[in-house]
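Okay, so subunit A shows up in both of these, paired with subunit B first and subunit C after.
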Partner chain A sequence: MNAPSPYTLHHPKWYRRRVSVFWWLEKRSYTFFVLRELTSVFVALFAAVTLWQIRSVAAGEEAQARFMTQLGTPAFVVFHVLALAFLLFHSITWFNLAPKAMAVRVRGKRVPDLFVAGSNYVAWLVLSAAVAFILLGL
Partner chain B sequence: MARPVTPLLWLLFSAGGTVAALLFPIHAFLFGLAFPLGWLEPPAHEPLLGLLRQPLTRLYLLVFICLPLFHWAHRFRYTLYDGLQLKHLFGLVAALCYGTALVLSAVAAYVLWGVS
Partner chain C sequence: MSATVTLEVARYRPEQEAEPTFQTYEVPLRRDWVVLDALNYVKDSLDGTLSFRWSCRMGVCGSCGMMVNGEPKLTCAAFLTDHLPGPIRVEPLRFFPVVRDLVVDISDFMAKLKKVKPWIVRHQERALAEGEFRQTPDQLDAYKQFSMCINCLLCYSACPIIGLEPSFIGPAAIALARRYDQDNRDQGAGERLGILSGHDGIWQCTFVGECSEACPKSVDPAGAIQQYKLTGAVDWLRTVLPWGER
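Let's turn to the complex of A and B:
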């Protein structure tokens, strides 16, 4: 008697059409999807740069000035232009998905998608203004 | 994979995505472009450190850094699975993604705790 085969997640013996690693370049909607997912890379990188900057500010005036000079180098400027483009792409796709992710109901009636997405955009505007107000008022 | 943590990971993904969507563009614009390129006057050291010393600022920055890192870990993990067809490296990819997020979060907590 054969031992029972162990449980496996996938079934490698089934016939499956070979798909190129670049499948997401075949159709515009696929490319859009993968680019949207890749915005997360810039989210992580920007979080890391911010952490690095906090360290420099905590380390003293000289360290902060050195970091600021570094941020002005072409490599960092190009990075931040790219990062800002991807971050805006993330924000817009995220807010537009919000009404699909949660169907808000008030008195049994579904709140229109436009209203849910709209309130996200308003929150975005208000928070951005608050951050700018605090930092520029220092 | 440990299934009971899946809802938690999804919650972190979702919360981190919202934090990043609401707050990252303005921070990237100011600190990444407007201040270094001289479009706007960057804050001086003393007031910026003063702001950083406040507990509320540090809590804000902890949330600002940690949640989006877990957002990245979750999203990037599935992008690797699908985009590069790495489904057979299930455990390794997950460990690398969440591991990086955990380590950087710990560093963030350490740095923010030590601000004086």
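Let's turn to the complex of A and C:
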């Protein structure tokens, strides 16, 4: 047998494993990551619906009434429930990750993570309260 | 008969086989044994042909990183008793080319590391006669966490982006770049940001966060990369704003 050796000192034969298309199912944290990325689609869709709503308001009462009946259809209700779930997931994970990106130092010491994340949540609450006040107050 | 545990060890002998196979070994289950002890037992008593890297046995050298039951671990810190009932599957670090058995080729990482200039860069070296650079505890604290990296490469095996985009500079190298940026003796931040804002740098990262989970030294490379993104974004903003610098 004089088959040429596939392996020599200066040309080692490495093995490279290919990454599966389903790599994101291999681990729960990977799946959560992909879901978090997917939330951006719902953020965009929700923004589009809001723009559509503004447009219908600008087009007059009749257009707005038509928009409101559209909103009541089961498909739209399902979309909004889904969008709410994904947006909450998006916001909460985003705020929890904020301290990693923001290494704020005050007088040489790093501000605790809880404080950075907490201030994001407080801002969220204040803004939500303001929106609720405008909507319910009117 | 004393208790034993089964190890399923990935074998790859390039002169014999085209792709890795698994070989099982029965090793004594001792409370104070880590996976590395079990591998050394295999090498000493069962099968001397098994190849793997190790050195310090105490989480400092960064040589013995492997996949243990699918998770990147320092095998010197992975107790057998934490992986019961077994079998315990030991594989080479993921996303690296396998040279033999559990040994991977890390030359790609070494090249990436060099790219980010992980040393103190000075515009002009100070003369020896001028004395040492002084540093306060707070100045040390600013980069100390990132300096704990031991280049064990567990973070590269934890990062799916490394698998999908092999040219990505990667967590450890970026954390080490950050370590020198945050060092008050260093003046190379601009040079490093130039490299890291490029195609293979920080913007490849999508913040999976698994690198920081895998890190045995709590370096938090994911944090380092996100902080870099903030620096990069602010730097870019300066170039486009009319009252910005440059």
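Note that the second predicted complex is superposed on the first by the 122 of 138 C-alpha atoms of A that agree within 3 Å, B and C clash if a C-alpha of one lies under 4 Å from a C-alpha of the other, contacts with A are read in each partner's own complex, and residues count from 1 in each chain.
Here is the rule we go by: contacts are C-beta pairs under 8 Å (C-beta built on N, C-alpha and C of every residue); 3 or more make two chains touch, one makes a residue touch a chain.
What you see is a predicted model, and the numbers here were worked out from it, not measured in a lab.
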Which of subunit B and subunit C A:Val122 touches, first, second, both or neither: neither
Touched partner set for A:Phe95, first subunit B, second subunit C, both or neither: first
Which superposed partner A:Arg105 touches (first subunit B, second subunit C, both, neither): second
A:Glu37 touches, of subunit B and subunit C: first, second, both or neither? both
Partner chain in contact with A:Leu51 - subunit B first, subunit C second, else both or neither: first
Residues of subunit A touched, compared between subunit B and subunit C (which is higher): B
Partner chain(s) touched by A:Ser29 [first = subunit B, second = subunit C, both, neither]: second
First, second, both or neither for A:Leu71, with subunit B first and subunit C second: first
Which of subunit B and subunit C A:Arg17 touches, first, second, both or neither: second
Interface residues of subunit A shared between complexes with subunit B and subunit C: 19, 24, 37, 101
List of subunit C residues in touch with subunit A within their complex: 12, 14-15, 19-20, 70, 94-95, 97-99, 105, 136, 138-139, 141-142, 160, 163-164, 206-210, 212-213, 220, 222-223, 226-227, 229-230
Residue ranges of subunit B touching subunit A (in the complex, touch as defined): 14, 16-18, 20-33, 35-37, 40-49, 51-52, 61, 64-65, 68-69, 71-73, 75-76, 78-79, 83-85, 87-88, 90, 100-101, 104, 107-108, 111-112, 114-116
Touch list for subunit A against partner subunit C, complex: 5-7, 12-17, 19, 23-24, 26-27, 29-30, 33, 37, 97, 100-103, 105, 108-110
Of subunit A, residues touching subunit B in the complex: 9-10, 19, 21, 24, 34, 37-38, 40-41, 43-44, 46-51, 53-55, 57-58, 60-61, 64-65, 68, 71-72, 76-77, 79-81, 83-84, 87-88, 90-91, 94-95, 101, 120, 123-124, 127-128, 131-132, 134-136, 138
